[in-house]
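I'd like to ask you about the structure that follows.
Think of it as A, B and C in the order they're written, each chain with its own count starting at 1.
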Amino acid sequence: MGVLQQGLSAFTRKHGLGVACFIGLSVFVWVVFLIVLPQLSMLDFSFRYNLPRAEVGGPADVYTLDNYAYFFQGNDGTFNALDIGILVKTMVAAVIVTVIDIAICYPIAFILAHSATGVAARLMVIGLIVPFWVNEILRAFAFRVLFGATGLVNSIGLSAGFWDVPIDFIRADVALYSGLVYAYILLMIFPIFNAVEALDRNQIEAARDMGASWWRVHWRVVLPIAKPGIVSGATMVFMLTAGALAAPQILGGPSNLWFTQLIYQWFNESANWQRGSAYAVVLLVVCISFVMMLMRVFKVSIGEIGR
Amino acid sequence: MNRQTGGGPLAVGYALLFFAFLFGPLIIMVITAFNSSSFPRVTPWECFTTEWFGVLFGNGRLMNGLLNSVVIGIGVVLIAVPIGLAGALALSELGPKLRAALYTVLITPILVPGVVLGISTIVFWGALGRSVGAGYDSMFFNGMFLTLIGQVTFIAAYAMLVFIARLQRFDPTLTEAALDLGATPGQAFVKILLPFLAPAIGSAAFLTLLASFENYNTTVFTIMADSTFTTALASKVRLGTDPSLSALAVIIIGITLIGAIVNEAWTRRAEALRSGCAARSAVYGNPALAVIVHPATVLVLLLGLVGYLAWSGTQHDAGVCKQQILDEKLARQEQLLEEQRQRIRDQKAAEEATGTVTKPASPSAFGGAFNGLAPSPAAPATPATPKAPSAFGGAFNNLAPKTD
Amino acid sequence: MTTKDIKLDHVSIRFGAFTAVDNAHLTIKGGEFFSFLGPSGCGKTTLLRCVSGFTEPSEGTVSIGGKDMRGVGPNKRPTALIFQNLALFPLMSVAENIAFPLEVRGVGRKERRKKADELLDMIALPGVGDKKVHELSGGQRQRVAIARALAVEPDILLLDEPLSALDLKLRHHMRTELRAIQQRVGLTFIYITHDQGEALTMSDRIAVMNAGVIEQIGDPETIYNKPKTAFVASFVGETNAISGKVTSQSDGIVSVQTPLGVLKGTAAGGRHYKAGDECFVFVRPEQLGLVGAPGAIQSMDNQLTVQAVKEEFEGNARHLFLNAQGQDLRLSRTNLGGVSDHLAGQAVQVGFAADQAIVLPHGSLAGA
């Protein structure tokens, strides 16, 4: 509390009492009522039974591990291969999407930071941002138009004779992966761009001058500088991909679900909020542990995310 | 492009490929909006039509969702921008340790999956509502209110990032100078810091409005029985698609492009004015050109163009062309049926000749036909297929690729 | 004419374990041009911020005109600070900048504009009121910052290295101008600088600071001619420092055993040395002379044979770099025309008078 008081008096001295109160109150409401309490409340909820409203708060409303047990063991006490499998698949898919995004975005970020100049650079920035003003759902829809059974890709493939039976890109998850890669490109490019931009162009030229091949220049000079940006971008892309709901619902095949779709089903189709909460907690814990591990491996702190 | 640092043809080629990936799907979607085919696609091209715009505006749920989205969006801007500003200011004043801790807390809503935010919001406010004995019609169970709260949780962090970036460029001695010159801390805030932050407030408001409008993952949980524009859109896409969504994309992309062009005109003008070389520049120095490149003029010109296109779009009648396409389809249908009948007659004749009797095709053959039909260009004609006996399915399957 | 004295009563300022200012104790008289001179990081800016009210002292008190300033915010003190980067408000016009102190005091628009124009006339920049700050040159901005500070009608003007961003010519010009403004308005100026030239030319008095400690306070001539510590001697102006041990002292003249032999110098401030005390002999390059040269110093109590290493020509002066037994020395002569005598590479005889050399106890040297 002493620290808070000190902070508040610092604000008062600098911006005045009114502004200090505004800052203190806003941050308090945000942290406590919007961030911390809802998360705790969800955690609490995930340890309860799904009771009819009349029994909530009654003697039957006790804590239970039932919802988590279900995730691990299913109804019959054996290994819940289906749900755990979906979680693993979601994580693996998120990693794949993240890696593809890194591969696609790194060259563009580098070109934008060090090769493009003047009008070209401006156009590139606008070109990068404009597609992302279009609604997420419509972007996914565009990929459905593109990859659907009667979509353009199949029409071209069929008429050019590359294949003679329409390929089900939706079932093969090609559409989903493309859509997800597309959806988070911007979140990958800008952190890398910010990191690479700090690189002095002379360093590259010096390395080239000393006879380093272009891939060696990137491996030894550019990549170490870009690393915090890549990790920052990768963290965001991974979290958003793992937590994506719209793209899997629109582009996903009917048989392979995304983990968020399971959560959605518990809430909206089975009306079992408690179990849904438990699944949400599982998703959150798995994602955060994975990202923490990644940050430790690459020695990047959370303070660098979002810069 | 700078050759020396890797701006060679390879880089140019890659950049072009990249932007093709970025814009290709959008362009194709835009084209499908003007094809009269009832499934959004480019090939085969049937008729140029503007009817899908009419279908779009006739969609009551979508339009109702649009209204909800606007209300929520305005609410989110009004709450998230001040909260984000407060967060950024708090971070700028705290000591390094406390700052890192608070930053971690405030940035997590961006990283936490949207579904988790949505769930935690409805669970928390629902529990709060129950504990005060509020009914299901109270605000604790109101989709609009919950969506507002849920969205503010993470959108405020976006706003905060915008303000942090701007505050990093603020020279704190300006505030000190104001204090030293006799301003109260409050006056210094209002007269020095706020004007400096004004552009960031603008872009934060834009960003938060966009984020609120676009959000699906959180909203789909918090909106309850209501719907926003995006959730209505998503359920429409999931249930089945028609080109009215493409028409929507045309409108959104159009607005986006107009916004981008006007914004570009505005920044260029502001830059030229600020650097003081406006009078010397060929464009801004020339009085006639200066008027033409003024953002307001650009906006009016673009709006005029859009208005003209929209008007001529309403005048366009695709009826004749569509009738023609329909006739063609019917004719082809007829032809296919005829061929089929012919084959059956031939078959019957052959059977009678050989004396063997083939079993009538099972209903499952119809399913196979349906599968095979979907990708074929004759798909719009599917409503006609029930007229044909199920036995024809197999024949369709064989014939369809040939008609390409 | 103000008569408000500023009294720093045993002021110390600490940030955690770091002591930025250590026991500063002095009184600055009303109407004085007072400079704090010291290398960067010596605590002079901290001291200034303490006077203006941005930092509270950890110990001791600051009083202005006999009034304790503890708890009085910067906006309530009779001081105005000119920041190192000037801190002109970039979004306001020049006139709005200058009238800002009036604006926050609720003065009407018309009156504000009138006052701003008056001040612009005073700093000889009439008619720039409607320009934006970035349209002005460096020197003009400088004067606008002063006008803005004067609009507060302060008793004391605090200046934090305000000339450091200007080029050399302008800096020299602004020295004269600042001094002139100070004499015209009759305010107390407290001036912070690391440039001894600025401090010497403008100040009534100077306080030399090193590592948070005020080493010496005095008028410019005293500071230059009679430094009290090794640091002051070496920081203010160019000098040759020769390390040695005291052998004897008779009256004010001290004999010191150095690697160059026994040298005689004056004991600073009537100090008494014991035989064996570690000390420095300081002699300024312009007080070192060539033996036998025309116009050379008459009485050379100390004479040395040294090797001339190289010669540098600086227009108004010639600098001769010398070496004797590993000790570098520097000798400067005013350029009176004529040509160089090409001494580089030769052995030369140099000398200096005992009353122009200063003997000071061992202590830290500037830049060492």
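Throughout what follows, contacts are C-beta pairs under 8 Å (C-beta built on N, C-alpha and C of every residue); 3 or more make two chains touch, one makes a residue touch a chain.
Since this is a predicted model, take the numbers as computed values, not measurements.
Listing every chain that touches subunit A and subunit B alike gives an empty result. Of all chain pairs, the one linked by the largest number of contacting C-beta pairs is A-B. Relative to the centroid of all protein Cα atoms, the closest per-chain Cα centroid is that of A. Mean C-alpha positions place subunit A and subunit B at a centre distance of 18 Å.
Averaging C-alpha coordinates per chain places the centre of subunit A 58 Å away from that of subunit C.
Look at where the CA atoms of subunit B average out and do the same for subunit C: the two points lie 65 Å apart. Chain contacts: subunit B has residues 184-185, 187 touching two or more partner chains. Shown for subunit A are the residues in touch with two or more other chains, namely 13.
Annotation for subunit C: residues touching 2 or more other chains are 73.
Put simply, subunit B touches subunit A in their complex at residues 1-2, 4-7, 11, 14-15, 18-19, 21-26, 28-29, 32, 39-43, 82-83, 85-87, 89-90, 93-94, 98, 100, 102-117, 119-125, 127, 130, 149, 152-153, 156-157, 161, 175, 184-189, 193, 210, 213-214, 216-217, 220-221, 229-230, 233-234, 237-238, 241, 245-246, 248-249, 252-253, 256-257, 259-260, 264, 374-375, 377, 379, 401, 404. Those residues of subunit A whose C-beta lies close enough to touch subunit B in the complex are 3, 7, 10-19, 22-27, 29-31, 34-39, 41-42, 44-45, 56-57, 104, 107-108, 110-111, 114-117, 120, 122, 124, 126-131, 133-146, 148-152, 154-156, 158-159, 164, 166, 182, 185, 201, 204-205, 208, 214, 235-236, 239-240, 242-246, 249-250, 260, 263-264, 267, 273, 276-277, 280, 283-284, 287-288, 291, 301-303, 305-306.
Only residues 52-54, 73-75, 79-81, 83-85, 87-89, 91, 100-101, 103-105, 135, 148-149, 151-152 of subunit C touch subunit B when the two sit together in their complex.
Residues of subunit B that touch subunit C in their complex: 171, 173-174, 176-185, 187, 191-192, 195-196, 276.
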